[in-house]
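Okay, structure first, notes after.
For clarity, chains are labelled A, B, C and D in written order, and residue numbers in each chain start from 1.
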Amino acid sequence: MRTITYAQGIKEALVEEMRRDPTVILYGEDVANFGGIFRITSGLKEEFGENRVFDTPISENAFVGAGVGAALTGLRPVVELQFADFLFTTGDEIVLKAGMWRYGHGGAYKIPLVVRCPSGAAGVGPEHGQCPEAFFMHTPGLKIVSPSNPADAKGLLKAAIRDDNPVLYFEHKLLYAAKGEISDDPDYLVPLGKAAIAREGDALTLVAISAMVPKALAVADRLAKEGHHIEVIDPRSLCPFDRPAIVESVKKTGKIVVAEESYRTLGVGAEIGAMLMEEALEYLDRPLRRVAIPDVPIPTATVLEQFVIPNEEKIYQACRELLA
Amino acid sequence: MRTITYAQGIKEALVEEMRRDPTVILYGEDVANFGGIFRITSGLKEEFGENRVFDTPISENAFVGAGVGAALTGLRPVVELQFADFLFTTGDEIVLKAGMWRYGHGGAYKIPLVVRCPSGAAGVGPEHGQCPEAFFMHTPGLKIVSPSNPADAKGLLKAAIRDDNPVLYFEHKLLYAAKGEISDDPDYLVPLGKAAIAREGDALTLVAISAMVPKALAVADRLAKEGHHIEVIDPRSLCPFDRPAIVESVKKTGKIVVAEESYRTLGVGAEIGAMLMEEALEYLDRPLRRVAIPDVPIPTATVLEQFVIPNEEKIYQACRELLA
Amino acid sequence: MDRSLKLQIYRNMILSRRLEERIAELIKAGQVGGFMHPGVGQEALQCAAIAALRRDDYLLYAHRGVAYWVARGIPLEKVLCDLAGREGGTNRGKGGVMRVVYPELGVLGESGTLGGCFPIATGAGLSIKVKGGDQAVLCFFGDGTSNRGTFHESMNLCAVRKLPVVFLCENNGWAVSMPTERSTAVRDIADRAKGYAVPGKVVDGNDPEQVYDAVVEALKRARSGEGPSLIEAKTYRLWGHWIGDPDSYRSREEVEKHWRHDPIPAFEEKLAKEGVLTDSMRSEIDAEARAKIDRAVEFMQKQPSPRPDSALEDVFA
Amino acid sequence: MDRSLKLQIYRNMILSRRLEERIAELIKAGQVGGFMHPGVGQEALQCAAIAALRRDDYLLYAHRGVAYWVARGIPLEKVLCDLAGREGGTNRGKGGVMRVVYPELGVLGESGTLGGCFPIATGAGLSIKVKGGDQAVLCFFGDGTSNRGTFHESMNLCAVRKLPVVFLCENNGWAVSMPTERSTAVRDIADRAKGYAVPGKVVDGNDPEQVYDAVVEALKRARSGEGPSLIEAKTYRLWGHWIGDPDSYRSREEVEKHWRHDPIPAFEEKLAKEGVLTDSMRSEIDAEARAKIDRAVEFMQKQPSPRPDSALEDVFA
């Protein structure tokens, strides 16, 4: 066991998988010579050469779509977008090509593509600060992961690279410096589609996604001191989505809070609520509480941003309300 | 009162609003000389001239984004996409520009833009047959309407054109020929954000969207013959979304089925389920039932398409299950 | 082009033309429900360009016609089963005739959104380059499609990374009801190559030899690591945009005029003059084509529909 | 350019340079948290181009620097309040310094995604044309941004509809760490104009007169209904990509070399030679700029943060 950062976890996953499999390539804007604007990929071009690690022009449609084309023809491309928000500039390539090319052609091809998407509000406003997972969770054919800690960051990325399907890998910008322990096993993989029980408890189920997980754990600590032992679930993958993990937990607790950095309407919490209403209605003893962005774009000024982004206090209040 | 088709309703709305307001313009591929591939706009170029009704190159980014730019500078553009699916080719323009330009600039500008999006499965496969409303319902800043009949088609489009915000107007291809009655009032408007109770009842609430509404009404007939008087709600607008209409109905019926042509995960039914779990949990006596596309792209062959698209029988079965 | 190559191209042109005529009949008779953009008039360039490919090259075809598949050697019955949404096609009923796919011959499939092909072609080129092969990619597209942003991004990306992709524009004068001169701000789409410092060449798309030579040259450039090329083949869409198009937006005179340049009789005449094609060969080739099509239609008509719940398969690998 | 115009441009260049230096200090001192792409080295072209605009023209600026706003006459304190996320700016804290907006002067705002500006500019041009006015739109963008598909679609759409838009590329040699010659397959981005049959012109972006003349000509063309133009102004980004950029990807020699072509001393020398600018005027202009900035900073520092719950406002009109 070692302690590494989330950023290191991502980098280690890239390096290990590129060493393991010569068909893995990495590209995007500024990833090669500069090492990425978040400095995740420094040194990779030096190790793997310019044929496998290279910079692209500012042409998201072409280079994301090329990821699909390269995946169809035998490579395993890892494509970096500078900000997750830029997924929208490449909606056709992500939703209709990565998501549906295989299906539309009757399964004739596999699409082992990973798109790395730095997400999350960090003082950078509406077009550089989103967590747009929920948009793509509605798309058939895309796998989606959102790690919340270094071990998952590494294990999920390795699993995503080995997966034969397109995976959107959301890395939260505010987690890059987060530290955590990790195994030294070079085959340390976190399976796509398996939630983590980040903390066990029976008073309430708190589902938290990505950067909300550390906040949720802090809330759980605080509530424990008040005598309420809540369960914190980190879905890790949003597609496949580990529905049973949440349903089982709620059958035990009867209460559910979802904390996420999506917009509230049709955020991940909506699916969780609907699923529970389908599968666990009789176990629910309190209403759903969704702690999410109140359906506004992400403002830039800190005071405004902090007003809309879920924080510990808001999560805590939502839990308290249900525990009352 | 006259009887018109849904297609005529759309056309009348365009003609009336263009006569009323010289800042309304209409453009898209093949809308002017050909009258649109669904023949909605024939004759409009002849009446309003090539300056206000014109054909564009196959450049969805440019012409949808130009709709935003034109709206910022004093026009009320109505832009036709040939298929709603092409919204994905213009994700940046729709989500980040139409949806967020106003907010990001502190409300300095209004964006009175309408994008017409022919939606719905009709034997045309994964990239020409979607109902992608739910993707955009998650986007702050966009209004969304999905009329189910000629009167709403007309009244909602007129209201959308007069609205100072961007509106995605989803017109279902299989409804174009549907007939219905309509008032002759040139100011016949259907307000955005107001659901219609398509049929009153108290046994169950069936929310149906767009082309699902006629199917839902047929199911209601059938159930009525069996002694179950269900309520059919047509939200008409998905943003603003008339939450109280649904909540009130469910408080009366205790049962909810949602029928839609979205993909199931994070379809509109997810938001309805979550909302009810927040606001009406104690009134729910049966689980939610979502009749939607089972998270696969839309296949082309009829037998496959019909397997995944909700039909009367599937809606009926879902209702029966809850009424049992 | 040697004799046998000429005859091969001619055969494919005839087979394509007869197949589309048959498909049109089937659709009009309501026997199959498919959605088809006919390529009548454009077979020369399609067949000639594909004749220049190696077996291990990749192909991204456009939405217009059947000649791409015929020329690439995909069995006719598979194409017809895709059209009819039956088993025995290439895509299990998922994609219709618009998404014929054939991995064995590098046929990658089709993007339903126009211009979606460019980045895919770029990615196939990237694969080749990363793996160090000398294959190439041929990517067809229409004049209207040349106005999509993906064209620009992909041309530039291929050019800066010297990817082995040949972009072949079928300028048939129209994009549905929009004439090229109103949709496209440049007279020769090939001139757009100047924005990427790559070769751009205009050829007569109704002359198989011109097309073949241009594609051979571009493929050579691609294989030798010099990067992409843009070829514009001028041609004409003799039928409507889709089978059923009222085609009300262009004059009958214009269409009539272009029928006089139908590439099939022109090529026949040329081959006859050169002594490559005799009258009896002509009838033989035509009869052969019809017989093949008859057999394929028969096969298709006997094929069952896919299992309904197979709709749930093929989302993920 | 007459004397007073030259001085106006010079004044704006100085004011811009001083303001950015001040902003860099504020950011480095942690006094404001904003995110800023400095335009140091590119002020000549930015100020000169904007000087060619009429008051009722529209402006889509790029993400680089403050000169666009300074030259257009947006009060400095507003720019600073946007930077600092305080009240008193132009966008109520919503968009930061990247989204300065000023409807009174046709300043439409900024797209956070590069290339998002092109369709917006096209739309503004469309408005002008539909309403029959003779205004024009000036749209700035970088060399790297010229590789976005929206560039292509918008150039073509403006060209086929003859919309009054002037596209002005600031080719500063780099897009973050990517040198232009590796991102962009053509030596002169202006050559891309050939793909749309519109005028494309290269100018020295560090020479205000060349830029001004080219923009005047393009605006004239626009106003008279002849359609868009593309101008490429060659310049250099003297500072890092953003304030805080380690700038590790280019050599110090390269940067040093370009400092020797800093447009400010060059223009000063020229104006001095022409007798337009004396030493005392120079110090006066500089002192004036500093005083203005001091007042603006002071104003900004006294402004409150926006009301937190105003975050919920401005989504819909």
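Assume a residue touches a chain if its C-beta (ideal position, glycine included) is under 8 Å from a C-beta of that chain, and two chains touch if they have at least 3 such contacts.
From a predicted model like this one, the values you see are computed outputs, not experimental measurements.
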Review point. So which chains count as neighbours of both subunit A and subunit C?
Key: B, D
Check your understanding: Taking each chain's centre as the mean position of its Cα atoms, how many Å separate subunit B from subunit C?
Key -> 36
Check your understanding: Cα centroid separation between subunit C and subunit D, in whole Å?
Key -> 45
Revision key, fill the gap. Cα centroid separation, subunit A vs subunit B, in Å, comes to 30
Review point. Which residue numbers or ranges of subunit D touch two or more of the other chains?
Key: 93-95, 99, 111-113, 116, 147-150, 153, 156-157, 160, 182-184, 315
Revision key, fill the gap. So subunit B residues touching two or more other chains come to 56-57, 59-62, 85, 88-89, 92, 96, 103-104, 125-127, 140-141, 295-297, 299-300
Practice item. Chain touch graph shape: choose line, ring, star, complete or other and state it. Key: complete
**Study point:** subunit D contact footprint on subunit A (complex, rising order)
**Key:** 29-30, 33-34, 37, 55-62, 85-86, 88-89, 123-128, 294-297, 299-308
Exercise for review: Flag every residue of subunit A that touches subunit B in the complex, lowest number first.
Suggested key: 85, 87-92, 94-96, 99-100, 103-104, 125-127, 134-135, 137-141, 239, 241, 262-263, 265-279, 281, 284, 286-290, 295-297, 299-300
Study note, to complete from the structure: The subunit D residues in contact with subunit C across the complex are 147-153, 155-157, 159-160, 182-187, 191-192, 194-198
Review point. For the complex, which residues does subunit C have touching subunit B?
Key: 33, 35, 85-86, 93-96, 98-99, 111-116, 144-145, 147-149, 175-178, 182-184, 248-249, 305-306, 308-312, 315
Check your understanding: Which of the residues in subunit D come into contact with subunit B in the complex?
Key -> 58, 89-95, 99, 101-103, 108-109, 111-113, 116, 118-131, 149-150, 153-154, 156-157, 160-161, 313-317
